[in-house]
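Chain lettering (A, B and C) follows the sequence in which the chains are written, and residue indices restart at 1 in each chain.
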Amino acid sequence: MHSARPIRNVVLYVALVAIAGMFALPLIWMVAVSLTPPTELATVTFLPQHPQFDAYGDVLHSESFDFLLYARNTLILVVLSLFGTLACSSIAAYGFSRISFPGRDLLFGVCLATMMIPFPVVMVPQYMLFKQIGWIGTTLPLWVPASFGHAFNIFLLRQFFMGIPRDLEESAMIDGCSRWACFVKIILPLATPALTVVALFHTLAIWNDLVAPLIYLVHKEQFTLSLGLQFLQSRSGNTPWNQMMAAATLIVLPVLVLFVIAQRAFIRGIATTGLKE
Amino acid sequence: MAVSRTSLGVGLLWIAPWWLGFMMFLAIPLGISFYISLSEYPLLQPPLFVGAANYSTLAVDPVFHKVLYNTLLFSAAFIPLSTAAAIALAILVNQRLPGQPFFRACIFAPTIVPLVATAVVWMRLFNPETGPINETMAAAGIDGPLWLASPRWAIPSLVFVSLWGVGSPMVIYLAGLQEIPETLYEAARLDGANSVGRFRHVTLPGLSPVILFNVVMAIINALQIFALPYILWDTDPGPERAGYFYTSYLFDNAFRFLKFGYASAMGWIQLLLILGLTAFVFAVSRRTVYYRGA
Amino acid sequence: MTRSTWFMLLLGAPAIALLLFGPRGAVHIPQGRVVVRYWEKWTGVEAEAMQRVVDEFNETIGHDEGIWIEYSSISDIDKRTMIAAAAGDPPDISGLDDRMVAQFADLDALLEIGDLVREFGIDGDKFKPTWWNIGEYKGGLYALPSTPFTIALYYNRAAYRAAGLDPDRPPRTTAELNDYAVKLTKKDERGRITQLGFTTSPLMLGWWHWAWPFFFDGQLWDGDRLRIDTPESRASFLWTQERRSRMGISAVESFESSSGAIEGAQNPFISGRLAMVFQGPWMSNWINHYNPDLDYAVAPFPSVTTERENVMASADVFVIPRAAPHPREAMRFLEFVMRQENLEEVCRAHCKVSPYRAPLERFEKDHPNPFIHVFDKMADSKYVFTCPRAPMFPEISQAMLVVLLDVLHADDPAKVDVAIEKGQRTIDLIVDAHQAKAARRAGR
């Protein structure tokens, strides 16, 4: 794509700006409301007339939303489960894509099926299980199961691994390289974009997860960010919307930065991939 | 290419990181939930075995038929549209132009912004009297529909709104595009292929493993759609139950009507439904998906 | 790559700092106390009001008698309580809504607390019968009222004046209400409604969308069957259809689907676009917050005749789940909460009425709702109704919502009858299924 075609680029640019603007609307709205003074909330149409940052101060100092504590709790869950799930998912994905053994496709089907059963149905039996092993009241249900290989990640990595030509591994194996060494030295480096995607999605999933914290967390001291946000939304309709959106902005911001970093990793220059046919 | 077969034991060892977690945290709950689907279980009292009664009641439950119909209709529109949109967007933001990280972040943003914020924006867009969509239509002399409040337009509105979430598959396609070697494009160009030809003969086959992944995920997500209608129509089933979907009804049965056995039966039917569709997609994929590593 | 490094530092450094030096949440429970788990659904100022009561208890009686109340705000409390109870791990006290009591009690999931209440000296005679009886199911007492409320007619006095109506004379019958509603409805030159008189759209109500037959002196549940095809119920649906057809159905629907939700800043009553609405006392809190200058008043919602003042009443309640490990300690705490000076502080923070027969003087004086006496007095009516005590009502409520939505859309009274008949068939199936299940359980 040695594009010295200005007209084409202009067209692309116009399209990009229009599309990005549409998609950015919720984000803009969230930030706009967070800057809206309470007196304008009832009449505001889109952008506040007298923007102010008070809501951020209010929410950071409010008793009902301890941002730093919740952020730390959430971060701990991410850190505890991230490496586990990256390792487990990629190993299992390698098994499902490269190792040919009897019953593999059937087991892969079972693996996929775990995503297809609606969560409410297993929620209650799972709660009973965690009660039996004494995990209720702890944060263990939130990160231990998440540390194992998850079907979504396994499936995603399997698809990427299967796209990697076999010749590289086969010549390495002829040179006496073991399966494990092939996986670590050849496949994993080549799959960096896919691994980055998995890491990003896993972080997002834990960061935004509401269902599991809602069921398993009782103590405010253990709350995650998304659960804390839920509690800013009042049942009686007295929600301080500007504070709520300020909190939401604070929650979204680090993830957005993370995305910008991560996308550099999965949009590498083609030259550096080492993929030559 | 010669594929050497390995013993079951070695294979199981490789995939142990998956099945250990599965056996510990999911297998038993799944087994219990299957038993529950054969029981009458109001949650607060022990389950009472009733055989296939839940399944036969579902067969004649008009609300079940309605939510199944709504969900399939939604899926039929959502799966192809979201796939096409995500691929198109991925290719667009993969062009070498300055400022792309910003555009990518914008398109991805709706998937991380809390749904309540996003829902308000949609409701404003779809507002029958003050929203820009109907304002534009009014300017063109067309009387716009009530969108979310209209039985006919509820599902199309939902499909439209769901497309805001294509940021996730887009990212995966974007990563997939990186796997296609530039040499293939060069070769195609030398063969005289235009951009359409290059897309058909290089991009699509190269992307096909990822397309398979995203289509399967779209099937799963579409047939389990829950959070969006829940926020758009609150807890109401909407006009003529047009905003009422499979998982919403399952959830209501489980936790509002306390018919957990019934809900579990719905869950297992849903599993079979998705599994069937996925198996079909995999069967088709055998002929259409191109794995360079296979 | 330097830019990447910068970004990484931008994100990584605070993350590591947070992990190392961030606040740690330690759950603090004093040694040697019996821990009573109390789950409540409230958030924000409403939760804080109860937190003060809990703190005081823990410092005084709790300290002396070795009880520690562990108070948690729980989202989706009914669901959480069910899941925890199903797993044999319920809290000792759960803050439910009165409308869930029948469903829970019918499954034998709640403790009958009549004896415990007497033993711990909570005097039911000091409470209005409406509120004391709200926790009854089939002759047993299963719940105590925490923050009760009636639902009344809020009306915009300025809009009354502008329409030539007397702002001190709210409608006295349902028929009059329809006339007022039509007079209070204004349209622009394009035929779009700029001000709506009144609506029974569920968007402008709460979960009480099924309440209308009661204002026509009807009832829904007779303890065995639930009927929406009675003459009274039919009259209530026709009343809605008649009003809407006079105002222009499609214009009303367009207004409803484009105006903001009743909860929150876009509330059309608060912005003056909706002249009358059927709401609870907390709405004054929203008005104070978003539009304190609004000229409004509150009156009992009219019934079909002036002879019977039908009043809708409901309450947040305390229940003790059957398998709760510490019911006696829980009741010790409830006795403390139910003391008038404590409970009324909570009720006021919630902008609701007091369940006591004679509220303390300062209760009304400091109350955020200037019309709280209207709500309070309504609870004295002989014709108070609550959410039907039918254990399968959650499912019926949804079926009734579908009927209401059909009626709201009906451009012809004949379609109202069709909707009612269809709804009645659905409801009959729900009731039959429930009774068959109950019989199967009983026969085991």
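The working rule: contacts are C-beta pairs under 8 Å (C-beta built on N, C-alpha and C of every residue); 3 or more make two chains touch, one makes a residue touch a chain.
It should be emphasised that the depicted structure is a prediction, and the values quoted were computed from it without experimental measurement.
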Practice task
Quick one: point me to the chain whose Cα centre is farthest from that of subunit B.
Solution key: C
Practice task
Name whichever of A-C and A-B has more C-beta pairs touching across its two chains.
Solution key: A-B
Completion exercise
Rounded to the nearest Å, the gap between Cα centres of subunit A and subunit C is 36
Practice task
Could you grab the centroid distance between subunit A and subunit B? Build each centroid from C-alpha atoms only and quote it in angstrom.
Solution key: 16
Practice task
Scan subunit B for residues touching two or more other chains and write them down.
Solution key: 43, 255
Problem - Multi-partner residues of subunit C (each touching 2 or more other chains) - result: 83, 86
Problem - In subunit A, residues with contacts to at least two other chains - result: 124, 128, 233, 260, 264
Practice task
Would you pull the subunit A residues touching subunit C in the complex into a rising list?
Solution key: 38, 41-43, 63-64, 66, 68-69, 71-73, 75-76, 79, 123-124, 127-128, 131, 136, 214-215, 218-223, 227, 230-241, 254, 257-258, 260-261, 264
Handout entry: Residue ranges of subunit C touching subunit A (in the complex, touch as defined)
Key = 4, 7-8, 10-11, 15, 18-19, 22-27, 37, 39, 41-48, 72-76, 80, 83-84, 86-89, 262-267, 270-271, 282, 285-286, 289-291, 350-351
Problem - Residues of subunit A that touch subunit B when the two form their complex - result: 1, 3, 9, 12-13, 15-17, 19-21, 23-27, 29-30, 33, 87-89, 91-92, 94-104, 107, 109-118, 120-122, 124-126, 128-129, 144-145, 147-149, 151-152, 154-156, 159-166, 193-194, 196-197, 200-201, 204, 208, 226, 229, 233, 244-245, 248, 251-252, 255-256, 259-260, 263-264, 266-268, 270-271, 273, 275-277
Problem - In the complex with subunit C, residue positions of subunit B that touch it - result: 40, 42-45, 48, 50, 57, 62, 127-131, 146-149, 236-241, 252, 255-258
Practice task
Name, in rising order, each residue of subunit B that touches subunit A in their complex.
Solution key: 1, 3-8, 10-22, 24-26, 28-30, 32-33, 36-37, 43, 89, 92-97, 99-114, 116-118, 120-121, 164, 167-168, 171-172, 174-176, 178-179, 181-185, 206, 209-210, 212-213, 216-217, 220, 224, 247, 250-251, 254-255, 260, 263-264, 266-268, 270-271, 274-275, 278-279, 291-294
